[in-house]
Amino acid sequence: PEELAAFQARIDRGERIEPKEWMPEGYRKTLIRQIGQHAHSEIVGQLPEGNWVTRAPTLERKAILLAKVQDEAGHGLYLYSACETLGVSRDELFEKLHSGAMKYSSIFNYPTLTWADMGAVGWLVDGAAIMNQVPLQRTSYGPYARAMIRICKEESFHQRQGYSVMMKMAQGTEAQKAMAQDALNRFWYPALMMFGPSDAESVHSEQNMAWKIKINSNDELRQRFVNETVPQAHYLGLTVPDENLKFNEETGNWDFSQPDWTEFFEVLKGNGPCNEERLGARRKAWDDGEWFRDGLSAYAEKSAARRAAVAAE
Amino acid sequence: PEELAAFQARIDRGERIEPKEWMPEGYRKTLIRQIGQHAHSEIVGQLPEGNWVTRAPTLERKAILLAKVQDEAGHGLYLYSACETLGVSRDELFEKLHSGAMKYSSIFNYPTLTWADMGAVGWLVDGAAIMNQVPLQRTSYGPYARAMIRICKEESFHQRQGYSVMMKMAQGTEAQKAMAQDALNRFWYPALMMFGPSDAESVHSEQNMAWKIKINSNDELRQRFVNETVPQAHYLGLTVPDENLKFNEETGNWDFSQPDWTEFFEVLKGNGPCNEERLGARRKAWDDGEWFRDGLSAYAEKSAARRAAVAAE
Amino acid sequence: MALDATQVDQKALFDWLCRMGDNALILGHRTSEWCGHGPVLEEDIALANTALDLIGHTQMWLGLAGEVEGAGRTADNLAYLRDAMQFRNVKLVELPNGDIGQTIMREFLFDAFHFEMLTALVASADARVAEIAAKALKEVAYQFDRSSDLVVRLGDGTAESHDRMQAALEHFWPYTGEMFVADAVDEAMAQAGIAPALSEIESRWDTLVSETLAEATLVCPERRADVHTGGKQGRHTEHLGYILAEMQFLQRAYPGAEW
Amino acid sequence: MALDATQVDQKALFDWLCRMGDNALILGHRTSEWCGHGPVLEEDIALANTALDLIGHTQMWLGLAGEVEGAGRTADNLAYLRDAMQFRNVKLVELPNGDIGQTIMREFLFDAFHFEMLTALVASADARVAEIAAKALKEVAYQFDRSSDLVVRLGDGTAESHDRMQAALEHFWPYTGEMFVADAVDEAMAQAGIAPALSEIESRWDTLVSETLAEATLVCPERRADVHTGGKQGRHTEHLGYILAEMQFLQRAYPGAEW
């Protein structure tokens, strides 16, 4: 308890907690869950965009998309590393992903059906992710905060690229415009869901806020996202699929409809459009890669033994 | 030897040999090899055309192609049945195909690269096959001769369809014409190879002719094929890829260049463009299907046992 | 089904005809992928035959769709020149084939629907629809006999064949509900007596399917059947785009050419 | 390489540039198919990176090809609007990926060629070619380091990884010869000092490859290496058509649209 008070005081003073320092077990566990889930989301998040890499319409778009997917894998790498500083290995985390014990962001259980989705994912999904992540640059755990700084920089680049795809589509032929509008229709509510249900329903929020693992409320971030995104949609000439969307002069916010939270929980339960396929693809990649990983390990051991033998002579 | 003379006398009188009748071991073996190879060719022959089924350019062309591939599987069925009358099971024959102990027609080791190949295969490959098969309707072994009658009828239908594809291509856009010419360029010599090397080089020819397993010489059939095909090519406005091609007023034949027999023997040895893929596809189909075949057998046994139990009550 | 079919919204009728045609087209395409790769020769023949029948139905349904639309589009235009958003097939038929057991299970689940649907459509208030249904029904009845027979034999075969068929059933089950979820188009068709109410077809499908599964010693999944919907409205799985890229290549690459 | 590069037949130069560009494009495409499906995270990153580099090279080579042709075609036009007969890559790069071991073995066999080729091209008599080669060489040197290192580690890893790598080597070997079979185009380039003689590259490739294979405890196949040729002249395997159907779909389906 004394330790706990001292720990809280450090956080309150805005100090960063570093790997080898004392921390409450709950803090550690929550961080592992949160960072791990974020890492998993980066990895699974390669798949919906990977789905269009081989069909990208120009060489430049293909290169941009490849670079983006590569960045996501890189983000996964930083985040798993941050997680490892908390005493859990990357392989353990993978196992939990594959068994379903750990989750990834539900948004990646939606399919990418047209090229416009490469725009919508960048614009809306990365946009929502950034909204979530920017405050986390000030999170209390050092390695996590530093990973976030690096990630946010790249993400905002991705978001601009997504918006530029969307722009091309929205200003393109009738067919392209239709694809752009359809992509917005399909991704709008799932993007709103990315902030999670209203905090009123969340039991952990308060403690996480005290620990500065969570900085803002879900509803607050969601509102910020809507406020930022609606004018962008208008600029693109697209219609946000919400009849109740209206600028509220009093609050200065855009009023909007809540997403269908039943759908959200169904997707969490595994009943989303792509849950089986996404997790299946990751499991298959892992299982198919076993001989590859074993081969590299065996080589490393042999090499070490050879070096030791040479050194012993 | 007496039996042998009587057997030869029957053949010379034009009688048909039927399954349960006496026949020399060499006759049986040669027939098994020849009919088996022909059956295998029908089965492997599904693959180059199957390669364009999912990309057929119209619904009608797709239907025609499907019907053709279906017919080929049907021909395989008759021919394996004919072979079974000689005391070898279909599964044994498959095993020999998969192990490489038995061959299939080398022509199917060439790839189908454009839609025009669906024309060229029908026109040239089926055309050459018919040229080989028409005389075999008069072959001495009853089940083989009857299978051939049925097959020839369907093959000549296929050949006409192939020619009609070729016609559309040759009369089509510049790109289509180029594909048609390219298909002829690629399939001309392999089609000539389908008749086999000159009989001078074949050791078995004489005996097989006496037994009426073989009716015409390879060179004779090849010449007939060239004579028939060259005017069709001209009618299509296509150029046969042979600088030495010339009508010989004296013989009434088209003089032509021999195919590259080195290539022929390389393909036989397994060094053709698609040998590994064709045989690999058939092996995979067979291996993947094992549980399916086992399941059906197990059900058949269970059903028989159930019927027996009911009958015993 | 005896109301005035001529009063029906032609846009809805067009959509509904595309659903019929696209189901046949896409399932026919998937089936045709087996060409030459079947587990036994008889199966090679049967699969090619099934694909052939389905392509034949496609020509009739999309041909009529084109007529109804009245914009001069042929069956080929509709098959080869629409992108995924304009396709109206249920998601069930566009899923990858998987092994031969999955292929047969999917066919069985769809055939049972297809058979009941066509049986009802023979009495359609639209004579053109009734005529196509009558032609297609004979073939689809045969397809259903075949696929249900195979489901029984493989389900009640070896332990391995049983397990594979059970897994196949679980895999496709959440996609079956879409066939019976009626939207405005389905309701308009039912109202006009052109097509049956989907709820009717569903209960007949339930009976057909559960009888066969019982005989096959397979267990009906408890999972929700209606998890994967949207195909009928043009929201497909990620698989359809790949099918179309392959299927439409020549028509797209050589616009206006004749074949 | 010091002859007059300006005298070279522009049609041959165009063809040769397409060979360089198409090799990069098609191998880049195959590599990009791994996106998100790699055996370890580091490999996901490395494969995406390789694909990205190769697409970058494609833009340069095909861009120059379009200039040389002088018919107003851009790199994108060449990549997205030619059909298989017009593609000039070697067959090796269009074969399916297979498992990750096959993917790496193919990359290694091509990288060794690519590396020696670019090294020589840095001294090309055509300054534009030399410039592209210099830019690409750095990345390809890295790719070769990586793929040869993995070949060694997997070849000398477990029994399984050894056997898989040996099988992969046997599988691709008959496709390697095509890289060195010179035709009139290659000879014209060598004559003009634009590109090296392929026989030179071949002997360097032999050395590079056999050194690595020895270290990897893999045995060089005895089979003929030049069995599968023709890709450079536009006669490909059946696989290329499927690659193009997928790759070119949007450009074909929406002609003239901007992306």
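Order as written gives the chain letters A, B, C and D; numbering starts at 1 within each chain.
Going forward, a residue touches a chain if its C-beta (ideal position, glycine included) is under 8 Å from a C-beta of that chain, and two chains touch if they have at least 3 such contacts.
Bear in mind that the values here come from a model prediction, so they are computed numbers and not experimental data.
Colleague: Write down the chain pair with more C-beta contact pairs when A-C is set against A-D.
Modeller: A-D
Colleague: Measuring between mean CA coordinates, which chain is farthest from chain A?
Modeller: The most remote chain is B.
Colleague: As a quick test, compute the distance in whole Å between the mean CA positions of chain B and chain C.
Modeller: Spacing between the chain centres: roughly 35 Å.
Colleague: What's the distance between the Cα centroids of chain A and chain B, rounded to whole Å?
Modeller: 57
Colleague: Among all residues of chain B, which ones touch two or more of the remaining chains?
Modeller: Only 55, 175 qualify.
Colleague: Multi-chain contacts only, two chains or more: what residues does chain C have there?
Modeller: 83, 241, 245-246, 249
Colleague: Take each protein chain as a node, join two nodes whenever their chains touch, and name the resulting shape: line, ring, star, complete or other.
Modeller: other
Colleague: Could you run through all the chain pairs that touch each other?
Modeller: Result of the pairwise touch check is A-C, A-D, B-C, B-D, C-D.
Colleague: For chain C, which residues count as touching chain B in their complex?
Modeller: 25, 29, 32-33, 35-45, 48-49, 51-52, 55-56, 58-59, 62, 75-76, 79-80, 99-101, 152-154, 156-158, 160-162, 164, 246-247, 249-251, 254, 256-259
Colleague: Under the definition above, what is the set of chain B residues touching chain D in their complex?
Modeller: Where chain B meets chain D, its residues are 51, 55, 111-114, 175, 178-179, 182, 186, 266, 271, 273-274, 277.
Colleague: Spell out the residues on chain C that touch chain A in their complex, using ranges where they run on.
Modeller: Touching chain A from chain C are residues 83-85, 174, 224, 227-228, 230, 235-238, 241, 245.
Colleague: Within the complex, which stretch of chain C touches chain D?
Modeller: Interface residues on chain C, with respect to chain D: 83, 241-242, 244-246, 248-249, 252-253, 255.
Colleague: If we count contacts the way the header does, which residues on chain A are in touch with chain D in the complex?
Modeller: Chain A residues touching chain D: 43, 46-47, 49-50, 53-63, 66-67, 69-70, 73-74, 76-77, 80, 90, 115, 165, 168-169, 172-173, 175-176, 281, 284-286, 288-300, 302.
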